[in-house]
Amino acid sequence: MAVGLLAGCGLGVAAITQFLIGGASAPLSLQSPIAAARFTIEIDAISVVFLVPILLVSAGAVVYGLSYWKQSEHEENGRRLSFWLGLLTAAMMLLVAARDGILFLLAWEVMAVSAYFCISVEDEDANTRQASWLYLSASHLATLCLFGVFALMAAATGTFGFVSLTGVSPALMNVMFLLALIGFGTKAGIMPMHIWLPGAHAQAPSHVSAIMSGVVIKMGIYGLVRMVSLVDVPPVWWGVVLLTLGVISGVLGVAFAIGQHDIKRLLAYHSIENIGIIVMGLGLAVLGRSLGRPDWVVLGMAGALLHVWNHATFKSLLFFSAGSVIHATHTREIDQLGGLQKTMPATAFFFLIGAVAICGLPPLNGFVSELFIYLGLFQSLAVESKASFAAAAFAAPALALIGGLAVACFVKVYGTVFLGAGRGEHVQHAHEASLSMTGPMAVLAAVCVLIGMAPRLVAPLLQQAVNTWTGKVVPEVYQLASVAPLGWISVGAATLVGLLAVIGLVLHWRLIAAERATSLTWDCGYAAPSPRMQYTSSSFAEMLVDLFRWALIPQKHAPRVRALFPDDKEFYSHTPDIVLDRVVRPIVAFLYRVFFFFRYMQQGNMQAYLLYILVMLVVLLMWR
Amino acid sequence: MSIQAVDPVLVLALVLNFFILANSQLRMVVFAVAIQGAILGLMYPIAHQGFNPPAGVAVEAIGALTLVRLVLLAMAIVLIKGYVIPRLLFRAMREANIIWHVESVIGLTPTLLLGAVGTALALAFAQSLPIKPGHTSTLVIPASLATALTGFLMLITRRKAISQVLGYVVLENGIFIFGLLLIEAVPVLVEFGVLLDLFVGVFVMGIIINHVNRSFPAATSEHLSMLRE
Amino acid sequence: MNTILLNMIHVAVVLTVPPLLLGVINKTKAWFAGRRGPPVLQPYYDLRKLIVKGSVFSETTTWVFRFGPVVGLATALVAAAIIPLGQRDAPLSFVGDMILFAYVLSLGRFFTMAAALDTGSAFEGMGSAREATYGCLAEPVLLFGLLVLAKVSMMAGVSESLSMNGMLGESLTKEWSVAGASMLLVLISWFIVLLVENSRIPFDDPNTHLELTMIHEVMVLDHCGPALAMILYGAAVRLFIFAALVVRLAIPLQSGFALWNWGLFLVGVLAVAVGVGIVESIMARLRLTVIPNLLVGAGVLVAFGLVLVLSH
Amino acid sequence: MAIWLVLCPVLFAGVAFAVPSERWRPWLVPLGAAMHLALVVLCLQQPEVTAFQHWLRLDPLGKVFLLFISVFFLICASYTPGYLAHDHKRSNRVLCTCLLLSLGTMTLVIISHHLGLMWIAVEATTLSTAPCIYFNHNPRSLEATWKYLLICSVGIALALMGSFFLAYASLFSGEHSTLLFDDLVRLAPKLDVRWLHVAFVLTLVGYGTKMGLAPMHTWLPDAHSESPALVSALLSGALLNCAFLGILRIFQICDAAGEGPYARRMLLFIGLFSMAIAAVSMARQRDIKRIVAYSSVEHMGMLAFGIGIGGAAAVFAALLHVIHNGMTKGWLFLSAGNIYHAFGTKDTDKLQGALRRVPFSGWMFLLGFLAITGSPPFGPFVSEFQLIVASFTAQHYWAGGLFLALLLLVFIGMGYTIFGISLGRPAQLESDRGFQDSFGTGFPILLYMSLILLLGLYNPPFLTTMLHDAAAFLEAH
């Protein structure tokens, strides 16, 4: 299985290199079940940009799975899982290559369904069943919205292929955009439509979560990119809506993440946050498209696409390392862990790399893409347009806030899980992950560093993708290489690393020069310190969660401790998903009530049944 | 003799409708239905246009073969509706020892009133529909509608499965009345087919009623309501 | 040639001056308290003493604990290389360098907090939690200010308007004249950021002795010897950086003579140090719960400034 | 030739009734079906198949339905031996006979071009399938049969009345009144509109009852849930479509008379109404077979919807959906039947872990669900998507949108139960009958599945041309 998958990925790589060397090839066209449509397959720069993470992460996940999900340990579902995993990868590769509605929908649905079976692989657990079912219904909502989009497209243009939508009535185009936004947005996990995401990511096996969060949700982004690329001059409000949604999911995503104490749920909410950042970039690009500002288009689009790559790398890196922690300790509760730095150093190191990268800190890759988006937002100050004012004035500081919160959140996770002393018995017999698990992590970490240190490497491809998206070659002055300080980023990163090295050496030298001793941690003379006295992730997050209580509505159970010798009390806090618990569930419950009312039609009473016939007859006779 | 000649008979049919609705004796109802069916059968030859070519349409004089067919059809109708079906029903009732009493969901008098209203509506509705010049002032259409409606009324209001079967037969009677207008259109063969279907249908229903009463005593179709949401 | 020389001066100043500020602050406070106080050069002595001392490490700690001070210092130095000091240009200057400035500082914060958590002590966890919270709130304020400057310098028609040099370059006079009010708001809010980022009163008390109330100091409780020296030095550089920002913003005039500029700049920086000292002597420390409100207030202030320039 | 299409199954029915062996009788059903299919293929070769001066005629529309029903029935019949081998509590004489009879009568419905004759045939299908529903001989199946018989008979009686009205309307054309389909189409413009309307409504409601359009569908869930799996498959795969053909005939006359818009309006309304009722009834449904039954109601609604949209594209899609829906229904009912036989209960509260208990049937059922809810790459997607496109092209934006929304409701309502059945660990039920997947009970499902998958990826040209001819024939005016 794994070998086959890797071979498949190899073929994909071959295809990409062929594209990079030989340029775009002629589209491949096959007969489809619908007479008017033809299955069309073509690889252009955008496809390649999305193909790369698909192949990288899937291949990594397969190798990782070899020891994370051993066939010998999972007799029952091991084969099943790797089958659906392979199908998932294949579907995504087909998806980004598809150039007509029918094939796109086909690949889309196969992807959605096989992802479902990957998530629900441990279906004896009721939570898994519930989460995966939530995912499936959400993703079917998405699919049906896409039915609507492509049906409208076909009705408007008369063809099922992806052709320019110029000349389509604005109203129709807006409806298409909204449907696409709901459809693709649900898949991507943009904030109000994200309900399925945390549960699914938490319940799935970690390497599946890595693929889901690394590439599957990016397919929603791909869809939006494709969709908008068909519209020459989109209305301004498209871009504004995208930016606003981006800000919302960015800020609230990370805010929710801070409130979580399940490591995988937390990472899932960070996916929402990063999707938000990507959507900001996309929105900026769309805005630039409508206002005719090539520099916004380049910076926004390049930022978005590069962040797609970066999020794919560091998020799957994080899920992998979280996975090996879970594999070693059998718990996802952050507050149960601690001190794993010593027992599993490699995993800890890779997690740290991922954490720094996802916070967008130099010298790693997250910084580069966020810098592009920042620059674009700053550029948008240049013109006198209300929309762009709003964009820059509120998106940029929001991005800064996101950065700060992300730092807080990942210090919390890294600190609680890997640093300090271990809490509880889970960490007792923790062990370092095997090579086939750390190997993929190492590769991903290397990619993070590489892109962070030398963004110039990826610039040409990004530029090509932007050209494809705009449909014309961007003039020299506005190209990525000239609007973004690619070289300087490397210089800055190099300086930083150099200084780190030097100062580190100095410290090392001083330490070995003078005498050293070890003792207990100084905790202000407290007599009997114990690991359980450490700051937990919940206590770390408390202040921030309080700041955001207006949005998070956290649930706190804090009993009063009275009397001189109080008996045992237990405190816990929990941050549920408000959209799911306060909006979706009530609506569903209401619908069920309404439906049950209709059930009274079918009460087994013959006379009533016959009466219906008569009534219908009369109604239709009346209706002229 | 003309198509109008059947009008008095149709009046009789209408009266029978009310009798059927009003009567609480299942046996009487069966008889009434049988009579209604039988007289309809007798009407068939009379109503044939061949006897009275109406103005406007050139109808060839009625041929011997047609006559024979008509007579056969009439006999068949009389036989099945007037004899066989009642026998079937009686047998079913006897074997299933059903109480010889009509049970209505809303009571007999309201049913009767509804029937009256229905008949009135049927007449009104019939007025709203155009009549072929040849058939002016004939009762056929309203009568058939009213009878069909009566049948439906029985189906909806009667509790016992058996009386619902009766309702079905009455409904069919209504359709047969309308058939009087189209003896040329609807070939005798088809009429036979329809008749056969009716017969088999009632036959099977009788069997079912039997089984029903074996499975659970007191066969009101309200006991037949296990299957529900 | 000239630029290389200037850059060398830049580096030299960054490496030498910062501890002086701490000394000045302490001196001012002492003067207000009517004491003689330690000599102005005391911080240098402390550093020299610490760097040669031996060290004690808790056995819960790992390499992250030792790495924290290193990153703190390195990031501070990189940030210092980005903002222009006395002369026109900073050594490390390019389009978007202000983002690098902001993010490199938060990289430092990341590792300082991580190092604190590495000790596994409740107090240091507490400290890093607070640091994290205030950092989140301070960053947007800084960025809002940068946005205002960017827009203003665009309006002033600066070529390199998206770099520190451009924003804090020689065109500041013009910028003040274009949108003085907003600039003032930025100045005020950045002074507040300065106080927060360097954990001074009224946000934090660097030399209290009750761990429960501390933010920055409590994070470094367990550090000692060379590591502590690096932390002190790093803190000094941070203070210096923000002082430099404020000064560049407040003193727009840029004459042709490098020496004159440098002199003026250093005087300004020291003045800021005195200002901090005054604030610390005349104000009391705020309650922890009030601090976020104050920061958000600063944010609102500068946001208002942004609205001002945008609706220009 | 035409007459043999009808006679062949009937003769086999006679043989089946005569054959004494319980073991060999079931094999007669697939045999007869195979013969029938062979005849059908022969007929499809010939340009014109008629008999009794156009009382029987195989028109393009009929060709589509005939081919589909013959293939469908063959696969369904090939399930019979395996099924009856598992269940030998009682004699299968009546069952086999009636199955073959129903094939004959359905064929008659399709090829008869005389509305009276067609009506007789439709009623005959009702009568011949009723005993099959009662096969299990328990009170529940008895009640189901009773309801099926009475409601359908009453409904169809209305259809007869409608046909008579149509004949009366034809009196106004100045010629002899007639029930011959071709004459009616020819005379359509001269028919009296008022009578035509009434006739259409009556036939719509009448045949609609048999077709299972809401609110006349009430018999359908009971009959489908209480009858043996293959009978349920037969009912919803073949029989409902025959009734649909009946409606199509009358619709064609209306359309020819220029009353197309009137008829379409009603079909659109009743189609969407049926889908809505089905969607509502599926939510939290607790009987595995009732769910699939309601899904039949929903898809009959889709067919009506397609015709109601109108235009060659929509009609083409609707006719294609007849095939796709039918085959998928066979697939679903047979696999649901297997699951039922494995667990011995239809109560979804007790059903769990079908994938582990009967892996093949479990997976087939799950995939079948995905297929019927219009997920690519299965056939129904193709037809449903074309329906949506057609509705948007015809600028029925709201109808199309509603269609999509109902699809979502159906998916969620259906899926909640079906995934609950499939996943998880099977509980140890005392009702468990130790049934296991076998070739006889698995192979037909596999056939259906592969057909649907094939049709979802590739539409054979001959089928396309047949459907195009049918659509053109229907929308001629």
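Per-chain residue numbering starts at 1, and chain names A, B, C and D are given in the order in which the chains are listed.
Keep in mind that, in the parts below, contacts are C-beta pairs under 8 Å (C-beta built on N, C-alpha and C of every residue); 3 or more make two chains touch, one makes a residue touch a chain.
All values derive from a computational prediction rather than experimental measurement.
Visitor: For the interfaces A-B and B-D, which has the higher count of C-beta pairs in contact?
Guide: Between the two chain pairs, B-D has more contacting C-beta pairs.
Visitor: Using the average of all C-alpha atoms in each chain as its centre, how far is it in Å between chain A and chain B?
Guide: 70
Visitor: What is the distance, in whole Å, between the centres of chain B and chain D, each centre taken as the mean of its C-alpha atoms?
Guide: Centres of chain B and chain D (C-alpha means) sit 31 Å apart.
Visitor: Measure off the straight-line distance from the CA centroid of chain A to the CA centroid of chain D, and report it in whole Å.
Guide: From the centre of chain A to the centre of chain D is 45 Å.
Visitor: For chain C and chain D, what's the span in angstrom between their mean Cα positions?
Guide: Roughly 78 Å, centre to centre.
Visitor: Provide the list of chain A residues touching at least two other chains, using ranges where the numbers run on.
Guide: Chain A, residues with two or more chain partners: 599, 602, 604, 606, 610.
Visitor: Find every residue in chain D that makes contact with two or more other chains and list them.
Guide: 143, 147, 150, 154, 198, 221-222, 281
Visitor: Listing for chain C: what residues touch at least two other chains?
Guide: Expected reply: no residues.
Visitor: Which of the chains touch, listed as pairs?
Guide: All chain pairs meeting the touch criterion are A-B, A-C, A-D, B-D.
Visitor: In their shared complex, at which residues does chain A touch chain D?
Guide: Where chain A meets chain D, its residues are 31, 33-35, 102, 105-106, 108-110, 113, 120, 123-124, 126, 129, 133, 136-137, 140-141, 143-145, 147-148, 150-152, 154-155, 591-592, 595-596, 598-599, 601-602, 604, 606, 609-610, 612-613, 615-617, 620-621, 623-624.
Visitor: Can you check the complex and tell me which residues of chain A touch chain C?
Guide: 338-339, 341-342, 352, 356, 359-362, 367, 370-371, 374-375, 378-379, 381-382, 389, 392-393, 396-401, 403-405, 407-408, 410-412, 414-416, 419-421, 483-485, 488-489, 491-492, 495-496, 499-500, 503-504, 506-507, 510-511, 514-524, 529, 531, 533-535, 539-544, 547
Visitor: Touching residues of chain D toward chain A in the complex: what are they?
Guide: Interface residues on chain D, with respect to chain A: 143, 147, 150-151, 154-155, 158, 197-198, 201-202, 204-205, 209, 215-216, 218-219, 221-222, 266, 270, 277, 280-281, 283-284, 355, 370, 373-377, 379, 381-382, 385-386, 388-389, 392-393, 400-401, 404, 407-408, 411-413, 415-416, 419-420, 423-425, 455-459, 464.
Visitor: In the complex formed with chain D, which residues of chain B make contact?
Guide: Its residues touching chain D are 57, 128-130, 132, 148, 152, 155, 161, 164-165, 168, 171-172, 174-175, 178-179, 181-182, 184-187, 190, 193-194, 196-197, 200-201, 204-205, 208, 211-212, 215-216, 221, 224-227, 229.
Visitor: Which chain D residues qualify as touching chain B in the complex?
Guide: Checking each residue of chain D against chain B gives 114, 116-117, 119-120, 123-124, 126-127, 130-131, 134, 139-140, 142-147, 149-150, 153-154, 157, 160-161, 164-165, 167-168, 170-172, 174, 176-179, 192, 194-195, 198, 221-222, 225-226, 281.
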